[in-house]
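Here subunit A shows up in two complexes: once beside subunit B, once beside subunit C.
After this line comes the complex of A and B, so read on.
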């Protein structure tokens, strides 16, 4: 796998050099390509988001071109590595708009990067499909900004509905220090009342903490806790899960969609058994029933990605797939790359089946997913299973 | 007359002004202007930081903290509490100066690695406060900032910002050059060569070090406030340790104890990642190679090394360049 990878990288490097020369030579192409601009956190702390996103975009732009392109024109991907830095994201977006003159932007791995470029895309009036999570991106609605992933508020709602069905009403919350954690904690506290959930304990842990027994002991000793919800990202939730079993807390543990990858099960090991979390259908592609309308899309994407990169799919790459496909669909519908028409076409997308769920965009909803997009999963036998 | 022109205080400043005035001829779109503005803002921080590192010989690994305080001070006061941006900037700058003074007095008694660690700690504390106090700062996802308005005039657009930042950079360089040539500047350079020696001839070492620290913090804070208003958004990434390292690298790369070296360092290290972006996966490798090559073949930094090369036979007793290492 390693040599393959570096050969690919080398080829990409050569292609970049060749592209540079082509630009310098000013070689005029008969038919201008449709330019898809992107800035992703391919390196840095959010690389686990940006890396599968970039791979997905490259893979599918290649596939679409091999199949003849869009509107008879080839697609051209212009992607920059913003490394999780909002300032870089802003500069690269300016570059995409002013220098590369892209037709649409699909990118922005993190909420911070996305929020930093929103003023630019709004001013330049260019359709922008974000791949970041927080609800602030689309609320209030911005004319030119759309987003693919489910929001953290939806994750809270999905979890609370599951809790309701299990007759839990007194819940403890434990969350980490990152942007994802903080945003989700706030959203959960916001919507808890609506589902008759009482948050009776609210603990936090710090960045790089390796032991959360203190916080969990406090939760264990809080009278009446019926379930615990961990709003977290990265390593923290795996440690919480391990400590949770070590100190013998017996009430059910819920995690967020932020840990919806095989790595979580690997890190937490046997302690992950019985943990529930909301996630996109992509993670359980193979166990979806044949009748499930989403099966074809997620199984197709999984096969394509895994056979090409020899690594497991993540929901993040799935968001990039959705973003690219919706952009392409909108360009086809608009019949041109006219930015205003493409924007209107994206807003008009209905019943579009993506890896994250069914997208029904509208002038008041620039994400278009509803709660059915989330599946409640439970870890059983070291794997994800669908909760019936 | 010729000697006067060749001195950094007149000739150098004039050259910089000419470069700033003529650069727009090469800036064909807003993206290039954007890079130029970022270069200018980084250069202002580096000119200040160079006074501390290059002239006073004190290291700071926490300057992104001051930059961040400037940015967030302006962001919070102007955007959340609706202060006029200029008042917010002024208040923030004064507060940062006071903080730098209070913190600088005890920690500048430390030397070498210990001083580096203390400033690093200061930067980390500022970073943590900004990420945790999300009620005011927006936490890790950052905060939006209103545009800079003076009276009824709103500063918006890369071209206007280019001229504002260019003018401020000239002012910053002029201030720094004058400070270096003043008795205080000579005292700083004496400190850098030998602290004991400087104290023996009657220089108040503590006072001068703190002065350099406060001035460099003020430069960073003002640049931070401007950067926040310019980009309209701040995230804690600008306050992080890595940004502090970037700033120090710019100063060292351009050449310590050379004000124009700081400007060149900021210019090269801000534009290089943009130039190398076309090489995708090889970007970081090439970046590293350029840095290593420069440090191996020009160990004193770009500007002092080149200046030596071109003026190897000419003596420049009054020149600040390449004198204090």
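After this line comes the complex of A and C, so read on.
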């Protein structure tokens, strides 16, 4: 008898709770927030990517809400720290989809994390805008997956075009151990032939290596090298640059967009003088001519970020800005948060000016950037300058 | 050809000297406690990062470096006091796991106190490379080699000529006998953490101008220092130095003459081969397991 009664009580209690919830929900439906889900490497080895990305998302979600939100609804950011770990990225993405029931995902600082969650977002049919670099993310095209940053192949092409114009054809490659470094090395080797470039030396260094003079000495002693390309990010390229000057290699040194932040110049110091690299216009916002159509966007973002966080912008935070703005633009166009409509709207984005360049999405191109999005920069007097 | 060889040798010596300093830190704590302190790399990080932030507030090197070393030593002492000592009497494996936890904790703390970015220190005395027989070496590398030499000499004097040093050596040979002879072995263990933290910090400061520093710089340096200590024989001072230099030179030679892709693999294969024939390392103590 007793248990029966208590179960009845329990049922009655449940009903009361459910009724209360229904009431609250009914009242809230009108301004239920649009949920932007995100997982970023805010800590761990890729923290220099995730940290500015997270800050950017928080800053701009706040700004958009202060300006009245989107479609009359507030934005709500649900962000997790995946710490550069693909396994964690999967767990958090599951949580974003199943528990938080987000409307769109903007995140994934690294290629590894992004690739790990693609099967999940494809199965759940939810628009996903990745902030990671490698070309495999959008090639082949996946229905629900888009990405913001330029690919490593584009960086290789931009560099090789610059080398061509300086009449270099014999090039040495030195690359690091990370996924980005390896992927870029592969892409560069792939497209080199197309630009008449011969890669005649191919050296690598390890994670946490403190000295690359051995590899560079080998390159220095390889006959005929006209330029050296370093694919990598983090501290490796800074050490390569210092060692390069130390052992007195005189041919030009190219770096990748992976080191496109002021930190690189700070770390490498005077050794960075004369180094060239392809990067988004964001880094040279102030030196863009007034007539440049990208100027307004990049100067605006730079001012906003730097005044808010008292630290310098990097292109990585810029990708988060682009991702959020494209998601918002698509939701506005779709007129709802219906996932299929938002996806179609993202795919339909044309001529959208972001910090990375002009986005022209299409059913066959889920990144939408072309080579014009990259500018060739050279370090001069401790700052980036545009190569004319 | 010979200029190339000299370059590899100089590079190997510099890298090896840093491994040796880290390895010495491992050995000192191992001697006092039989514990391999996996937070050793974090002392390297604290030394470098603390110097960076002290320089940033405007202190000169002469003040910033001693302060940073002292800060690392304090962290080492605190680690012993609050993490290792309360677990006194636990098995060695437990203590090792505690040090792994401490290393993760210290890394996390560093990201909060400082940040997650890379920082460079200015070289102590300029950065114009010096040419020796066709090869080049940075003035900072000379600092690394010189200071490592000075530290090794100071340590051998400390262990051979001072009462405290001898007490530490005695504890490493036979803890119980040392205790019976009136040596305060708990104090020895306490001080050994401070000493090895200071050593690690010195390594971290010396190398920061060459390689830059960040909150996780200790992970790989700790691993390489551990490998060097194993190669030389865990617990042996001479072994740590020889192991470090040997590892550094092997790495650069294999990167230069064989393949840079496999240079770490080659170095570790050599270590495995040595340990296969000499399980206690080049200069390690022979004989049965100590308990």
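Going forward, the second predicted complex is superposed on the first by the 358 of 388 C-alpha atoms of A that agree within 3 Å, B and C clash if a C-alpha of one lies under 4 Å from a C-alpha of the other, contacts with A are read in each partner's own complex, and residues count from 1 in each chain.
By our rule, contacts are C-beta pairs under 8 Å (C-beta built on N, C-alpha and C of every residue); 3 or more make two chains touch, one makes a residue touch a chain.
Values in this document were obtained by computation on a predicted structure and should not be read as measured data.
If you put the two complexes together on subunit A, you find that subunit B and subunit C both fit without a clash.
In the superposed pair of complexes, A:242 makes contact with subunit C only, with no contact to subunit B. After overlaying the two complexes on the shared chain, residue contacts for A:292 are found with neither subunit B nor subunit C. Once the two complexes are overlaid on the shared chain, A:119 sits against subunit B while remaining clear of subunit C.
Using the contact criterion defined above for the overlaid structures, shared-chain residue A:273 touches neither subunit B nor subunit C, since it reaches no partner. Contacts of A:58 after superposition: neither subunit B nor subunit C is touched. In the superposition on chain A, A:263 makes contact with subunit C only, not with subunit B. Look at A:203: by the touch rule set out above, it reaches subunit C but stays clear of subunit B.
Once the two complexes are overlaid on the shared chain, A:43 sits against subunit B and subunit C alike. Once both structures are fitted on chain A, no C-alpha atom of subunit B lies closer than 5 Å to one of subunit C.
Shared interface residues of subunit A, touching subunit B in one complex and subunit C in the other, are 43. Of all the residues in subunit A, the ones that touch subunit C in their complex are 43, 45, 47-48, 51, 203-211, 213-215, 217-218, 221, 234-235, 238-239, 242, 245-248, 263, 266-270. The part of subunit B that touches subunit A in the complex is made up of residues 29-32, 34-35, 38, 131-132, 134, 139-142, 144, 231-235, 237-238, 273-274, 277-284.
Touching subunit B in their complex are the following residues of subunit A: 9, 12-13, 16-17, 19-20, 43, 79-81, 84-88, 90-92, 94-95, 97-99, 111-112, 115-116, 119, 134, 136, 177-179, 182-183. Considering their complex, residues 4, 7-8, 11-12, 14-15, 18, 108, 111, 116-120, 127, 129, 135-136, 138, 207, 210-212, 214, 216-217, 219-221, 223-224, 251-253, 255-256, 260-261, 263-264 of subunit C touch subunit A.
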